[in-house]
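Each structure below appears as structure tokens.
The two complexes that follow have chain A in common; it is paired with chain B in the first and with chain C in the second.
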Partner chain A sequence: MKRYTSTSLGNFLKNNLVLVGIVVLIVVTAIIEPKFVSEANLTNVMRQLWPLPFIALGMTFVIIGGFIDLSVVGMISLAGVVTASLIDPLGQVGAILCGILLGALMGYLNGRILTSVGAMIQAEVLFITYGMSSIYTAIALLLTNAETIRIARNTKPITIFTTLGSGTVGMVPVVLFVFIVLLVFMHLFYTKTLAGRGISLMGGNKDAAFLTGYNVKRGMRLVYTISGIMSAMGAISLVSRVTTATATSGIGYETNAILCVVVGGTSLRGGKGSVLRTMLGVLLVVLLGNCMNLLGLSTYMQTVMRGAVLVTAIWLDNRKEL
Partner chain B sequence: MTMSIKSISKSIWKVISKQGAVLAILALMILMLFFNTNFYTAYNWLDMLRSAAILEIVAFGVTVAVICGACDLSVGGTLSFGGIIAVLLINAGYPIWLAFAAALATGALVGFVNGFLVVHQKTEPFIITLGMGMLLKGVCQVLTDARPLPSKVPEFMMISNSKVIGSIPSLVVYMVVLFGIFYYLMRFTSFGRNCYAIGGNYEVAKYSGIKVVPIKWTAFVISGITAALAGVLLASRMNTGSSVYGDTTGMLVNCGVVIGGTSFAGGVGGIRESFIGLFVIQMLTNVMSMLGLDSYYQKLFEGILIVLIIGLDCFVRMRKRERV
Partner chain C sequence: MKKLMALLLAAVLVFSLAACAGDAPTGDSPTAEPGVSNEGPEKPDDSTEKPADSGEEIKVAFITQSLSNASQAYAWTQFQKYADEYGFTVTVFEEDYDPQNGVAAIGTCIAQGYAAICINPTDPSAIIPALMEAKEAGIIIGMYSSEIPPGNEQYRDFMCGTDDFMAGEVAAQTLMEAFPDGANVVEVGGQSGHDAQIKRHDGFVATIEGSNIKVLDSQNCEAWASEDAMAIMEDFIVAYGDDIDVVYCHWDVGATGCIEALKNAGMEDVYVIGVDGCSVGYDQVREGTQALSIGQSFSQMTQDAFTNITKILNGEDFEEVVWTALDIVTIDTIDNFPYPEW
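So, the complex of A and B:
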């Protein structure tokens, strides 16, 4: 029992080792490279952040529910491509609404397939969502014929996209305000509503959730639909930022989103976690990348670091529960 | 009469639920009867086998891990890594056998680390090996600067590009030999049988005196070694090492293993099943290109195949759960 009576600082360190490690790295970078805290650099970071926060937000709900979603790759690509190509026929508002609707549909379809085949453990969910991701990417490739869509070539106005992509209020990008509204909404949904708390219950123990009368299948469809909507919103923010859409633009966001969620401290076993902690994770992962850029590490070295952080974070998280 | 129809449909259901992959192969073969292509030629079938060989070799090792109730998504990274190590050492002037041994040793090391994290530290194998694959891909990019790395020694190329006994490609021979070794290992050795026991029920295996931790750990090491071996063979086939070889391998091989009928729940399946599972994927690619379809359609059908067959695997297990 001695272990549990150690100081609270020790406990905090033990529970948040990865978090503390990254914070230390950032502080060290800030000291040896003053450029890091300059206004130009921070503005740059805030602008290049997107669409990761959206994806990570959706992924948080899936992971708290005890599952995982690899199909975000396909969903981002397809939603981005469809939104960009619908601007001309439907106008920008219509295109954005259609994109989000498509995201919700894709997410719902994932949930529907998973519940009807009875996939319950992470392994099954992982592979089926991977298969769905291939399907969505393939559809996006067939739609665009693997060509890049440039939204600037549209005849209709794209003011919403340009505002989202590069508009700022002071030095804060507009898309951040949109995101904060969404974040507050999702946080309240998770902490204050029955459906939100049910996700946590489902992730903690599916059998117990079922026996207390919680509809686990509906819960699964809910978390996947959320992930789909968030992926579509992320796709729109990505399209706005880079002003192009391709059928492969979603590649890599699934592991990055999982990394953010895990670094934030949400357990991959499900049941525990918080939306706000994931945002901390996103911030730290992005700042970590920025630090490594400023310290002159190559992009390849950054992939190594990301992989190492992911493996270590999962490992340490697991040790807590041994 | 109704009874016999019922029993027939029941037995058909049994075959499908046990091996959807055989059904997929039959469907593809029937489909090809309607098209006038070179599908039914000895050359094409040998070519399919040769193209499948690399993934099959990776799959043999992964199957051992999956039978133990885990899985290994890091094989893609290990595949690239093994090939790059071999090419780097050969270009540096070391003999080919040494490069081979070094690549296999790195594969074993990766497997050892995976085994430590999954078996000893009891982490969830799916995510941790996914992260490991990402890490290895980064290492490969650092080693090669993300460019293809051609080998300067022509003998290295001959390992995978020569022909044996008339016109049989050497890769097919390697695959057949490894198939034999792994089939024997999983069927007729105590190690193989213990793997099935561990996958079937970890706790029961533990209490019946099977050394669960070392055996499951070894399964990961085996998976790492075969992935590295396949990596060297692929590098030799292409005469180049590259960090992009393994991009989809991890997912594809693990899906192929399950498509064959080796379940993620562990304890069922085998090397023969995995062979069929991976062969279906290769056959699908072959059929698509014979019919002149885009590679996009290939990706689409690959996705549909994965969702269908893994979904079926889940569905059968759900029915079993409900019956109990």
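So, the complex of A and C:
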């Protein structure tokens, strides 16, 4: 009985390491800095989450499909500056819709190029999406001449952006409600639809997926289009939050998104993962940054910590496979 | 159907890009005095004549850290704007924040017979050997917006620029004047380890030392990103709340993030200082959300550099170090300066 309990606890810890990590982080930080568990800081953390959950959600599908997407940097930057620039000519709704459509187009284009050149392994995909990212960023730079676009300068109202960026219901940011609806939809898509399960099949074994009649090329285009849409939505939430858009605003989000996905337990080999667990990864990464700021750790130390978390997550993932 | 969708999406892309494409900036009339200016621009010195017309093309290279940096992209437009006036042909080389690219660019300039190089390097120490070669090849070397490390001045002909250390000093001096009874400051630094971040911090800290200004906390960002600055500011608000009197942010666009965080926390009376003097900073000063923006005039810096190159080519005396004035932009002085085009 004792051994059974011990094994159960071991299995629980093994399967819920992120949750355990979050709890440990909260407890330790709360002891050192009690303000960490104040209402103000909880609101703070919920605000600081964005735009990472959107980007990590898109990246989850790409990684489950067995690929990687470094083009999110360029997609966020370009979608952000285009959306911000279109508020005056098209109004808020028009600008947001164009931004999301642009994200879908960029994602689809990535998938189309990857399937056209026959890129099927992660190394090829990595470099091609990196190249695409450079192109999108360069277009954003050409459009803005590297200048910052400030949405408050627009003559048309920016109420939707203001609500998304800083609006709250009680202490919960409005953007969180929008995201929860999206998350539930994407979770159901992944777990309940043939197309969603097909992504997992493709990531697990592309040859086997092909032999079962699954259209791998279409699957690739699907996951990259999802990533593009999510990047654009992330860009819109970012513009709403900081009220500015720059041609380099997407820098760094690709590594953070991959970090969240891997920490959430999605295997870099593809085939298995969970959109819900990715959100735990997002929470851990954002909490980590918040804790380290409150504890006064330097930026260099914070980078070390993030790197250590990523390496540990991949190591644990590999251990599970053994 | 799929082709129709693809066409539709392509049309949206083209329409979006066309709709948001704007004109490139064209430059402004800068300040000319070294040091600090509250007075606005003076006319550029036009006493220097173009170099003697030998019929040969005079090629000047601008080697910059990255054109993805708004200030450097603007500086490049100023090189293009004033090149004709001085009779130069200008080319830009990007380091892309990699000093090796700067070294390679200097090598290219030597091979292609450039007359002068204006360089704003990512790492001033890393390019010294390459600058030695360029000097031996007879190329005029001008440091632009960044000085060569002390003791190596013989490897450049001149330096034109603002001093980031001075920007930190000016921020501190203005703050001490605004708060004679003392104040609590939080510092939101620029990209961690970046030359400008280090100097803007050092200048500030050195000036307030021994004064009644207290730095509650100081954190740097991973990149020059407004989002990073906003997150740090939000954490400062949680940690120090109403104790914060002043925010010193190393750049105006970062100050936007700080201002948003303060607005969300209902702390709109905090005194915010930013550095750069870009259009975002000017807007915030005019709106009253930012108390001070410490501006740099790249237009003046470029003309100073061109004037020195011309003088050297003509064999005239020139100033080895030309400090471009820092513009002190407050609500009282903002009308003295032209609206920045970056």
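We take it that the second predicted complex is superposed on the first by the 306 of 322 C-alpha atoms of A that agree within 3 Å, B and C clash if a C-alpha of one lies under 4 Å from a C-alpha of the other, contacts with A are read in each partner's own complex, and residues count from 1 in each chain.
Please note the rule applied: a contact is a pair of C-beta atoms (placed from the backbone, for glycine too) under 8 Å apart; a residue touches a chain by one contact, two chains touch by 3 or more.
Predicted model only: the values in this text are computed from it and were never measured.
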{"item": "Superposition on chain A - do chain B and chain C clash or fit", "value": "clash"}
{"item": "Which superposed partner A:298 touches (first chain B, second chain C, both, neither)", "value": "both"}
{"item": "First (chain B), second (chain C), both or neither touched by A:73", "value": "neither"}
{"item": "Partner chain in contact with A:261 - chain B first, chain C second, else both or neither", "value": "neither"}
{"item": "Touched partner set for A:117, first chain B, second chain C, both or neither", "value": "first"}
{"item": "Partner chain(s) touched by A:243 [first = chain B, second = chain C, both, neither]", "value": "second"}
{"item": "Chain B versus chain C as contact partner of A:186, first or second or both or neither", "value": "neither"}
{"item": "Touched partner set for A:275, first chain B, second chain C, both or neither", "value": "neither"}
{"item": "Which of chain B and chain C A:139 touches, first, second, both or neither", "value": "both"}
{"item": "Touched partner set for A:311, first chain B, second chain C, both or neither", "value": "first"}
{"item": "From 39-47, 57-65, 201-209 or 273-281, the chain B stretch with C-alpha clashes against chain C", "value": "39-47"}
{"item": "Touching both chain C and chain B, counted on chain A across the two superposed complexes", "value": "137, 139, 141, 146, 298-300, 302-303"}
{"item": "Chain A residues touching chain C - in the complex, by the definition given at the top", "value": "33, 35, 38, 40-41, 44, 47-48, 81-82, 85-86, 89-90, 98-99, 101-102, 104-106, 108, 137, 139, 141, 143-148, 150, 152-153, 165-166, 238, 241-244, 246-249, 251-252, 289-290, 293-294, 296, 298-300, 302-303"}
{"item": "Contact footprint of chain A on chain B as seen in their complex", "value": "71, 117, 121-124, 126-128, 130-139, 141-142, 145-146, 251, 254-255, 258, 264, 294, 296-297, 299-300, 302-307, 310-315, 317-318, 321"}
{"item": "Touching residues on chain C, where the partner in the complex is chain A", "value": "6, 9-10, 12-13, 15-17, 19-22, 24-25, 67-70, 72-74, 77, 192-193, 217, 219-223, 225-227, 230-232, 234-239, 241, 253, 256-257, 260, 263-265, 278-280, 283, 342"}
{"item": "Chain A residues touching chain B - in the complex, by the definition given at the top", "value": "68, 113, 117-124, 126-128, 130-139, 141-142, 146, 255, 258, 268-269, 298-308, 310-311, 314-315, 318-319, 322"}
